[in-house]
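Quick one: the structure is below, and I'll ask about it shortly.
Letters A, B, C and D name the chains as they come in the text, with residue numbers starting at 1 for each one.
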Amino acid sequence: MAFDDLYQEIILDHAKHPRNKENLDFISDDEIHENPTCGDSVKIAVDFSKDGKLERVRFDGDGCAISTSSASMMTEIVEGKSKEAVLNMIKSFILIMRNEDESSLEDWGDLIALEGVIKYPLRVKCATLPWHALENALL
Amino acid sequence: MAFDDLYQEIILDHAKHPRNKENLDFISDDEIHENPTCGDSVKIAVDFSKDGKLERVRFDGDGCAISTSSASMMTEIVEGKSKEAVLNMIKSFILIMRNEDESSLEDWGDLIALEGVIKYPLRVKCATLPWHALENALL
Amino acid sequence: MNDNWVFHNGKSISRVREDFPILQHKLNLKGGIAPVDLVYLDTAATAQKPLQVIDAVNRYYTRQNSNVHRALHTLGEEATAVYEGTREKIRSFINALHRHEIVFTKNTTESINLLASSYGSSFKPGDEVLLTEMEHHSNLVPWQLLSEKTGCTLKFIPIDQNGELELDQLDQLLTERTVFVGVMHVSNVFGTINNIELIIKKAHALNIPVLIDGAQSSPHMQIDVQALDCDFFAFSGHKLYGPMGIGVLYGKEEYLESMPPFMGGGDMIRSVKLTGSTWNELPWKFEAGTPNVGGAAGLGSAIDYINELSFESICNYEDMLTEYAGKLLSGIKNIKLYGPDGDRAGVFSFTHDDLHPHDMAQFLDRFGIAVRAGHHCAQPAMRKLKVSSMARASLAFYNTRSEIEYLVEKINAAGEYFSNGI
Amino acid sequence: MNDNWVFHNGKSISRVREDFPILQHKLNLKGGIAPVDLVYLDTAATAQKPLQVIDAVNRYYTRQNSNVHRALHTLGEEATAVYEGTREKIRSFINALHRHEIVFTKNTTESINLLASSYGSSFKPGDEVLLTEMEHHSNLVPWQLLSEKTGCTLKFIPIDQNGELELDQLDQLLTERTVFVGVMHVSNVFGTINNIELIIKKAHALNIPVLIDGAQSSPHMQIDVQALDCDFFAFSGHKLYGPMGIGVLYGKEEYLESMPPFMGGGDMIRSVKLTGSTWNELPWKFEAGTPNVGGAAGLGSAIDYINELSFESICNYEDMLTEYAGKLLSGIKNIKLYGPDGDRAGVFSFTHDDLHPHDMAQFLDRFGIAVRAGHHCAQPAMRKLKVSSMARASLAFYNTRSEIEYLVEKINAAGEYFSNGI
């Protein structure tokens, strides 16, 4: 049923045990990224390696299972990729979530679990919140 | 029927042949009294006799049969009355027209013909327009 | 003359009239006069609503009602889909580029106040706003209020005795001080269809943005804001066969983006602190508080209804009615008909030598004919023509030639009643 | 526990529920889950409408629809009677002295923006507006916008961890620089019923006018603006079982008289010249453009409906429900319930140790239970309590004890699902 599509085990797992979630108090509150419809917020810290790749992405914030798991999985998948590649991924991910691009998330590892969100338009913002925040951090 | 109640012969007569209607161009347009719902307007000139009575009231303006006849009959009935008496009449007339006072216009001469207006709330402003203007001119 | 028009979708005019419940009921008049058929010739004030619209509102409140945007529950999702779905219908209806260029307001008046108050907040003394002498009060008073606040100056394209713009003056009126142009598309008094294409072209040559007041055009002609290239376009749902309490301001993204919010409150914010707030993205930045979702449900359905009949078909029929009415009305003794001679919209204002427009409207009402009398919220235009009041008959696609004939017959009767009645 | 309440007019709670069509339909969920009963616990966002209200809107559009005030025809007269008739019903509903003290807006948010923008236009730098930390964004952001324009300063009565005002600070916060006080009557987050009587008394001792945001109080308690002696009172029709797109600003005559208009346009003018205009009398001075007459028809009917059940009866029932819900909710494991312990309104915000409010709302939706999750347009209050989001269940007289029991059962189930689900 749709509800379990939304909360697949993998999502609940990332939500309970988020990867790369750390206290980022050193980032000012002005750089926080907020979802105006609910008040959830996320901060992103990006470390680059010498060759310009994303070495590590960390996040902090207060979010629901969807946004937390999305952030967690995001930090895993972008590791080691170039800035341009990640910016393109962000664009694609947002379009797919908004149902404006019918591609699948098949090749996106764990993230495929978020496909269930597409059917819940009001939750799409939860899933995309960390991606918008990462985009901001990269630009 | 109601329509003929509204347009009684006496009203049509006063509308066609208004008494005391004169060109009052000497009164500035700023003192014109307007009905905001329709754009009708009326000007009033008052002459007092030595003993402080209203000697003559004249009006000018552009109005429908209801407002013109009301103005015409008003100028007739107030002649020779004291300012206080007229101010009281104005108050009564307006209350009667708005159906906030159930007295009749029986003792008001021709003006009784305007009782039909009470049933047409949107025309009440037509009938009371010249009375408001006279009130302004007296205050 | 009988009425046998058939619209594109195969619906006859009498079948279309059946869609409008108010036209199916007899009208109860005062004073024991037997109920009469309604002859509704006051569409320019507000349009009647087809059953489809009334049902959509009904369905909304019986099945879908909820607040929008912030509700994760099923009803909240449905209400949001209704609301944002109507936004998309409107985008497509006026062919806007982006859905977020469609801002919901309560009516044309609020749309224009929003614009004047927000876009106009940066105007300075000496800046000129160019309007026309025929504007509805709703496209005049907001700019007067702005002028008092900011010191900007209002200038006006004059009108002639036919209720047409003197566009030969445009080049002089548009100066390097002009910061904004606002003009009505179709006059609600004269039926004039203004040459907004020319005005927009000339204003744009000087980089001046243009607002089109589309209150009277949007219900009767296909609007393409991209083809027109207007920068803002305002209209009311209730004149477009939709419910009251919902209107639209279209604005080009670049302008809307740069504008400060109009009202503050729920939905229009991104983040609120006691010390200050940041704004939500377009279009919600301009939509403070709980919106009229039931109104949006009805307006969406009104657009579907229009699309179903097709604008082409509606225009063809209305053009025919307009021509017929123009011919008949201009032939009536003692009637002065205002507005342009040639191409025009189905809005006919007139005066009668022997009776005041109020009395005309009251007389016609006795026969179920609804026309309007007064200054039609265009006092400056009335003053220019030295008329304090006019009667006005305005048409929609649910009217018929027989109704026009009946109007003419009763206008004649009114003349007789008031000149011979005593 | 069974639900066997009978209201004063003899209607049982189950009969009352039958008046609300949306409660009679099964809710279609996503993903092939069998339709479920709606358990609507989101009244604080928007109330459901009884059939009487829906029918009044319907009747308006099928029988009475017309523009108001300027139409002399029969329909125009009827529409005007509907519109002004609702104004009188509202006057009597809140016991205002004069009918012209009732201004129609589109919602509470517009009412407060009107007030801030018009009454506040004379504020100067140094002037202080006193609000509270618990205000809805709608009674905060308009004053922030005003503060930017006029340089006035905003001050706030603090709240404590129970969501109650720290009124012992009131005497310090009210100074000779205070020009205005705005405070919510009932909190849409905590259910707190503020001691507005005290605030009004203290403000009036210094001649400071007070606005009461009655969005959450007007549907659940009898309001008497003369007894309260508040200077302004704002509320929304859609939260009062009426349609969307209509709201009210009550203001004392002396204040409304002195205030400049808010929006410009039709209906709010006395006389318009190109060079300037004069304003219509109260209340129309503040009502620019075509009003939402259909909305007024529905709101009038909502007030009739409330009067028919009687407020006393509604309050008695809602008090009982509120107490029951408070008892049950505070007993749930891992739930933190916000708001005062004692007397409170039927608005319950809570968080769960093991799951986010969004996930809670989503889980409950699966069982047809509509609750809200988020910041409830009160971010400053949320920040103060260091919570970014809460779930909220809010009650109305159409709810039942069984529904509350069902809510509690499913909150427990949600806790299990999210803590054991993996």
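Keep this in mind: a residue touches a chain if its C-beta (ideal position, glycine included) is under 8 Å from a C-beta of that chain, and two chains touch if they have at least 3 such contacts.
Since we're looking at a predicted model, the values are computed, not measured.
*Asks:* Report which interface contains more C-beta contacts, comparing B-C against B-D.
*Replies:* By number of C-beta pairs in contact, B-C is the larger.
*Asks:* Determine the centre-to-centre distance between chain B and chain C, using the mean Cα coordinates as centres, and give it in whole Å.
*Replies:* 36
*Asks:* Need the CA-centroid distance for the pair chain C / chain D, whole Å please.
*Replies:* Once rounded, the distance between the two centres reads 31 Å.
*Asks:* Centroid from C-alpha atoms only, then distance chain B to chain D, rounded to Å. What do you get?
*Replies:* Computed value for the inter-centroid distance: 45 Å.
*Asks:* Roughly how many whole angstrom separate the Cα centroids of chain A and chain B?
*Replies:* 75
*Asks:* At which residue positions does chain A touch at least two other chains?
*Replies:* 37-38, 120, 123
*Asks:* Where does chain C touch two or more other chains at once, residue-wise?
*Replies:* Counting only residues that touch two or more other chains, chain C contributes 29-30, 70-72, 76, 269, 271, 358, 362, 373-374, 379.
*Asks:* Between which chains does touch occur?
*Replies:* A-C, A-D, B-C, B-D, C-D
*Asks:* Show which residues of chain C lie in contact with chain B when the two form their complex.
*Replies:* Contact set of chain C toward chain B: 29-33, 355-359, 362-363, 366, 373-375, 379, 382, 388-389, 417-418, 421-422.
*Asks:* Can you check the complex and tell me which residues of chain A touch chain D?
*Replies:* My answer: residues 1-3, 5-7, 9, 12-13, 16, 37-41, 62-66, 68, 119-120, 123, 126.
*Asks:* So in the complex, the part of chain A that touches chain C is made up of which residues?
*Replies:* Chain A reaches chain C through residues 34, 36-38, 120-123.
*Asks:* In the complex of these two chains, what residues of chain C are touching chain A?
*Replies:* 69-72, 76-77, 80-81, 269-271, 280, 284
*Asks:* Tell me, which parts of chain D touch chain C in their complex?
*Replies:* 21-22, 25, 27-30, 38, 40, 42, 45-46, 48-49, 53-54, 57-58, 61-63, 65-67, 70-76, 106-110, 112-113, 116, 133, 136-138, 140-145, 154, 156, 236, 238, 243-246, 261, 263-269, 271-274, 276-277, 288-295, 358, 361-362, 364-365, 368-374, 377, 379-380, 383
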